[in-house]
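See the structures that follow.
The same subunit A turns up in both complexes below, where it pairs with subunit B and then with subunit C.
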Partner chain A sequence: MFELKPMLSALWRNKVSALLIALQLALTLAIVSNATVIVKDRMEKVARPTGMDVGNIIAATYMPIPTDYDMAGAVIADLDLLRNTPGVLDASVTNQIPLSGSGSAGTYFNEPNQEIGGENANYYQVDSHFIDTLGLNLIEGRNFTPADEHVVGPNDRHHSEVAVISKQFAEKLFPGESAVGRFFYAGNTDKPVEIIGVVEQHLGAWPGWSRAGNVVFYPLLVTDNHKRYLIRTEPGQRDAVFKEVEELLNNRDPQRVVQVETLSKNLERTYIGDNVMIKVLSLVMALLTFIVALGIIGLTIFWINQRTKQIGIRRALGATRANISRYFLIENSLIAGTGLVLGTAGALIINRLMVSEFSQPTLTLPLLAVCAIVLLLVSITAALMPAMRAANVSPAMATRSV
Partner chain B sequence: MLKMQNIRKSYRTDTIETHALRDFSLEVNEGEFVSVTGPSGSGKTTFLNIAGLLETPTGGQYLLDGQEVGNLSDSERSRLRNEKIGFIFQGFNLIPDLNLFDNIDVPLRYRGFNAKERRRRIEKSLEQVGLSARAKHLPAQLSGGQQQRVAIARALAGEPRFLLADEPTGNLDSLMARQVMELLEFINEWGTTIVMVTHDPELARRAQRNIQIVDGQVSDLRQTIAQPEAAIA
Partner chain C sequence: MIGYYISLAMRSLRGTPILSALMIAAIAVGVGASMTVLTLNYMMSQNALEHKDSVLYAVQLDSWDPNQAADTANEIPWQLTYPDAIALLRSDIPTRQVAMHRFGFTVNIDESELRPFTANTRVTTRDFFSLFDVPFEYGGTWNKEADTAAVQSVVLSKETNDKLFGGENSVGKIVKLNGEPFTVIGVLKHWNPSPKIYDLNNNPFADSEELYIPFGLHRKFEIYSWGNTNGWTSRTAEGAEGYERFLLGEHVWIQYWVELDNAEQREAYEQFLTGHIHQQKEQGRFERPLKFALSPPSEWLVLNEVLENDNRVLGWASLAFLLVCVINAVALLLAKFLRKAPEAGVRRALGASRNAIFTQHLIESSCIGVLGGLFGIILALAGLTGIRVLAMGQADQIAAMNWEMMLAAVGLAILASILAGLYPAWRISRTNPSVYLKTQ
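And now, the complex of A and B:
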C-alpha cells in the first residue's frame, strides 16, 4: 500500500524545500565522508606501532662542561651505573632519541659509488644493548655484540662495517629477498656495510616523515660534545626511575648538564597536530550532522504543520495513525535518498580534489557507503518524532478547521 | 443504520467546559435521506463527527450498523470510516497537491484495493459526477461546484453505506448547490443512507426527514417530509 507515485507528485509540487534539505544532506555527506577519510588516515597514523616499548623508556641527554672530557669512559661508567639501578631492565647509548623530532638521515645505495637512485633512511649510532633497550623485535639475523662496537672521534671519518636495519628499509633495498648477509653503501662510497640483522619495526625520529620506518643502526660511539642514553625500566617503574636518573648521573660525575625526558612525551608531542586535526574534524562532522538533523526536524515539522488539515482529511478518509507516520517517514527517506545520491557524487568529486591538490587519502566506496547509511539513519531518526506527532492530528481536523 | 442514545459531548479548555451535545438521541434508518438544521454552534458538526467516527462521545451509546462503536480502537475506527462512511465537507477538502484521480485514490489505497480495482472505481465515480475529462487536473483548476463533485466522487468510490455531508453547498452558489443536491438525491435513490447538515431551508425540505438541533439536542423530531407546507405556514 505504498503511495509512491502520488507522494512523488506531491513532493514535486514542493520541490524547492525538498531540494534544499536534499542538498544540505548532500553537502553534509560530501564533507563528512571526506573528513572521515582524513580522520581515519590520521587515526591509523597515530595508531601505527612504533616498534618500541614506548611506555617504559626514559631518555637522558647530557653535555659535559669540561672541553677535554673522556666521553668513552663516561659512557661505560654511566651505562654500568644505570644498568645496575633497581627497576632498570637495560640501558643503551645513542646519538639521537627516537620520536624526538631530531635525528640524522642519509642516502643508501645497493651499488658502490652509485650516483643516482638510492633510498633515504634515518640512522642511529648505538651500542649492542640498543635493540633490547628499545624492545625492538629482531626478526632475522643477529643482534650487535660488543665486538661490533667501535669508538671514533668527532672529526674522524667514521664507517661501520655492519648494520642492523628495519624490515621496511630491507624491503626497499632488497625487494622480495632476505637482506641479511647482503651489503649496502652509505652515500657515494665503495665501502660496503653488511646487514647482520633486521628488526620488525622502528618509526625513527620523525613519524610524520614520508620515509618514516626506514631505519639503520650502526654499532658506533662517536665522542662528540654530548651523548644520550635510553633507559628501559621494568613495567610500572618508569616514573620512579625517572625521578632518580638526573641525580644518579650527576652524583657519579657532577661536571655536566643532564636533561631527562620520556618517550611517551615525545610520542604525544609527535602527534599533537594529528590529534588536533582528528578532534577538530570530528567536531565539524558532529556539528554538521547535528545541523542537518535539526534541518530535517525543522522541515518535517514545518511540512506537517502546513499539512495538518490534509492529515485530518486523510484520517477522516480512513488512514490509520501508522499510515500517517509512515507517509512522512517514506517522504523523508525519499528526500534523504536523493540527497545522499547527490552527496555521493559530491563526495567523490571533492575527494578527487583532496587527493590531487592536498595529497589526502582516497575515499573508498565502503567508507562512503557507511557514511551514507549513518546519515540516512540520522535523517530517519530526525523525522521520527515529527512523524509520530503527525499521527496525533485528529480526524476531526477535516471538519473543524476552515 | 445509525442509533444514538443519550450521547453527550463536551469540550474542556482550561477555563470553560462547552456541552456541544447533551442527551442526544437519534435513529436514522437504512436508505434514509436526513437533513440536519439548526443555529450556528448548536452541535450539528459535533453530531456528524461522532456519527462519522471522527470524534468519540463523552458519554452515551452509539450503534453503527448494529455495531457498538464506543470501545473500538483507533485503527478499527479508521477501518470503519474507510469502509462504511463517506464524507463530504463544506470546504471540499481535496488534497491540493494531488490531481483528481489521485485524490479519489486516497481512501481506496487505505482500503487496500489493487491498482486495477482502484482505477475502475475512480473512473466510474468520476463519470458519475461528470468529470471524467478532468482526471489529471489539480483541484485549484476547478470551480467550487466541480471540486465538490470530486469530493462526492471520492466519497462514492468506496461505495459507502452511509454518506455524511456537513454543509456541502455552503460554499456554492445556488445553481451549483442545486446540482450537488441532485447528485446526492440520485445517490440516495441507489440506496446510500445520507445525513446532510445544511443552512439552506429549501434543500433541507427536499430531504425525506429534517431534524433540528438546538443547543446540543434534537428539538423536533416530528418535522418530516410529509408536512413541509405545514412547516412554512
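And now, the complex of A and C:
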C-alpha cells in the first residue's frame, strides 16, 4: 500500500541526488551528536554550584609601596573600615581570590611522614570572617574563632593546628566517616592539623582543575608583600560599594596600590574556553541543520518539478492528494532513514576518536537516538511544504503537452 | 572565451535567484565558520622565534619526586629550581643564556601626578633581549655583574615609558619600584609576541611584561615568583631559614633558555648537563633516572599544548561543516544543471564540445565560489568579533584576520565550489543532445 516498488525504482533513477542527501544527513548526525555531547558536558561544568554568594562579592588586592610596611596593622584597620561601610555585610582577608585562576595547592595525607598516596587540595589562608563573607554553608563542626587566628611573617615556617575543609575533600580523606575532630598532615611532615569544620561546597581557585572542590582553609595571616580582601555586600549594593572601595582604602592610607574586581567577572573569565565551545558548537549545529533542511527543500522541489507530469497522470488515474503527499514524504523518509543509519555508525566512530585523541566525553546511545529523531523530524518537516505543493498539481496536467 | 563563460554564468545565476542564493549562502556559511576557527588556530600556532628554531632551546631538568613523574607532557618539570639555574648560569658553553621568571612591582615616580600602579615585571639575566630579539628604542641591557649582584637597573617597555615619561628618552631617570629607586637603562620598542613563547606556563596569550629587572636582585627584595611555583616535598633546603629556605628549596620556578649555535656546542652542553645531574645525585638530589630536555621553540609550543584539544575539535568540526556545505552545493548544482540540460543540449547540437560544456559549468560553479568566499570573509570577520567578545579581551591579538587569511578564505571557497561543481559539470557535459532536441 506504500507503493514501495515504484518508489524504489524512481529513487534508483535519481540515485546520485538521493545519495547526496543521505550523505549530508549522515555527516550532520555524526557532527551534531558529537557536538551535543560536548555542549552538554560543558554546560554541566559551567552550571556546577560554586558554593559562594558570587553575585554579591567584591575582591580587593593591595600592594604597599614602602618595603617595610606594617601589613598586620593595616589589615586590622582596613577590615574594620570595610565592615563599617554602609551596604557591606562582612569582609575578610585572604591570600588568594576564589575563581581567579591564581591560587596555591598542597598534597595532604591522613598519616604522618607519608611519601605516596596523598590527595591534592587548593588551600587558603583566611580569617574567622571568611566563611560568612563568601556565604559558604558550614554543614558540620564549627567556624574559626579569633583565638584560632595567627599572624606569621612571609619567610617564617608556618603551621596551623586547625583547618576547615570542603565536604568533597573530607570524603576523600576519610571516606564514609565524619572528618570533624580527625587529623591530617600537609605534605610529608609529622605535624597534625585538626579538622574543626566542614563546608558543603567551594570550587576554589581553578574550577577547571581536575580536583576542583578539594579545598582547605587555614586561619593564618601571612604578611607577604600583598594582601587581598573579600567584601560581601547587601543584595543590590555591590556596584555602589564597588565604586567606593579603592577610594576608601586609599584615603585611609595612600601608600599603596589597590585593585578591585568582582567574583562574577572572575567566574565569567574562568569559563571563557567552555563558553566559546558551547556557543561555537551550538551555532555550528543550528546552521548545519538549517543548511541540510534547505538542501532537502531545494531537492524535493526539483524532483517534484521533474515529475509534474507523472503526478498529473497519477491524479487523473484516481490518486488522492493525500496519496501524492504521502508518496513524497515516504520517499524522503527512506532517504533520511538510510542517511541516519550511516550517520549512527559515523557518529560512534568519530566519538571514539574524540575520546581517545582529544579527551572529550563519551557519546551515549540515548543521546544519539534523540539527535537522530530530531534530524528525522527536521527532514520530514523540510519535505512537507514541497510535498503539499505537489498534491496541488491538477489532474489536467496529464493531458497537457501530450 | 572565459569572459563569455563568466557572463553566461552570471546570467544563469540571475535566472534562478533562489537556488543561486541558497548555494552561495551554503558556501559562505561553510567558509565563514571554517575560516573563523582556522584563523584562531593559525594565530595560536604562530612561532615568533621560527628563524631561531635551530639554535634556541628551552632547558628542562628532571629534579622531581622519585616516587612520581612530573605532571607535564614529557614528564620533566617545565621550570628549574633556583640552585640549578645558578649552577647552569656558571657554564660558558652557550652563546647566550637566560634564567628568568615573572614578578610584580608597584611603580611611581617622585613629583608626578601619576597615581602609583602595579606592573608585571620580568626578573631575568641580561641576554633576554638579544636571545628573544627584543628591540630597544633607547639604551640597552645591563652589565654582566647585574645578573649576580644587586644592581637597581630597569628596562621599560614602550607602553610603560609612554605612561611614565610621555615617550621621551628616559635613560638615566629614576623610577621607584616598591618605593626603591631604580635607574632606567633601556626602553624597548613595542614588543608583544603572541603566543608569548618565552613564558608559556603563565597564560601564553597574556601581554608581555611592563618592566625588566636584573636577576641579581632576589635576596635584596626577597623576590618570590608571580608565576607557577611547584614543589613535591616538604623536606626542602634543610638548615636554611627565612627567605633562603624559599630560594634554595626543592621547588621549580625559574624558566631557562640557551642559545647553542652548532652541533658541537649542543653536544658539549648536553655533557655539561649530564655532569651537573651526576654531581647533584652525589649530594642526594635528582633521585629519578637521569633525564633532561632541550626543546627548540617549535617543539616547546607543541609540548606546552598552546593549541588545546578544544581548538583542534573546533577545527575538525568546522571542516566537517564545510564538507556538508560542499555536498549540499553538489546536490543543488546537479539539480540546477539538469534543469538547464536542454540549453546544454542545444549548445552541443550547435557544435560545442563536451569540454566546452564542462568548462562553462565549472566556471559557473567557481563564480558561486568567489561570491560565497566574499560573503564568507564577512561572516568570518563577524565570527572573530564574536570570539573576541566571548573571550573578554583575552583573544584580541589572535582573533584577527590578516590579508593572507582573507585570500585563503576566497581560495578555500573557490576550491570548495570547484569540488562541488566537478560532478554536476561532468554529468551535464555527458548528456545526449538528441534527447533534448526531440522534445523541443
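As a convention for this text, the second predicted complex is superposed on the first by the 392 of 402 C-alpha atoms of A that agree within 3 Å, B and C clash if a C-alpha of one lies under 4 Å from a C-alpha of the other, contacts with A are read in each partner's own complex, and residues count from 1 in each chain.
Note that a contact is a pair of C-beta atoms (placed from the backbone, for glycine too) under 8 Å apart; a residue touches a chain by one contact, two chains touch by 3 or more.
Fair warning: this is a prediction, and the values are worked out from it, not measured in the lab.
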item	value
Subunit B versus subunit C as contact partner of A:Gln237, first or second or both or neither	neither
Which of subunit B and subunit C A:Ser282 touches, first, second, both or neither	neither
Which of subunit B and subunit C A:Arg269 touches, first, second, both or neither	second
Which of subunit B and subunit C A:Gln310 touches, first, second, both or neither	first
First (subunit B), second (subunit C), both or neither touched by A:Ala186	second
Touching partner for A:Arg13 - first (subunit B), second (subunit C), both, neither	first
Superposed model, subunit A: greater residue contact from subunit B or subunit C	C
First (subunit B), second (subunit C), both or neither touched by A:Ser333	neither
Interface residues of subunit A shared between complexes with subunit B and subunit C	none
Interfacial residue positions of subunit A with respect to subunit B in the complex	1, 3, 5-6, 9-10, 13-14, 309-310, 313-323, 394-396, 398-400, 402
Subunit A contact footprint on subunit C (complex, rising order)	19, 22, 25-26, 29, 33, 36-37, 67-68, 104, 106, 108, 116-118, 176, 178-180, 221-222, 224, 232-235, 241-243, 245-246, 308-310, 312-314, 317-318, 320-321, 323-325, 327-328, 330-332, 334-335, 338-339, 386-387, 390-392, 394, 423, 427
Interfacial residue positions of subunit B with respect to subunit A in the complex	45, 48-49, 52-55, 74-75, 78-79, 81-83, 87, 89, 91, 93, 95-99, 102, 105-107, 109-112, 154, 158, 166
Residue ranges of subunit A touching subunit C (in the complex, touch as defined)	16-17, 20-21, 23-24, 27-28, 30-31, 34-35, 38, 63-67, 107, 115-116, 154-157, 186-189, 224-225, 256-257, 259, 268-269, 272-273, 275-277, 279-281, 283-284, 287-288, 291-292, 294-295, 298-299, 302, 305, 354, 357-360
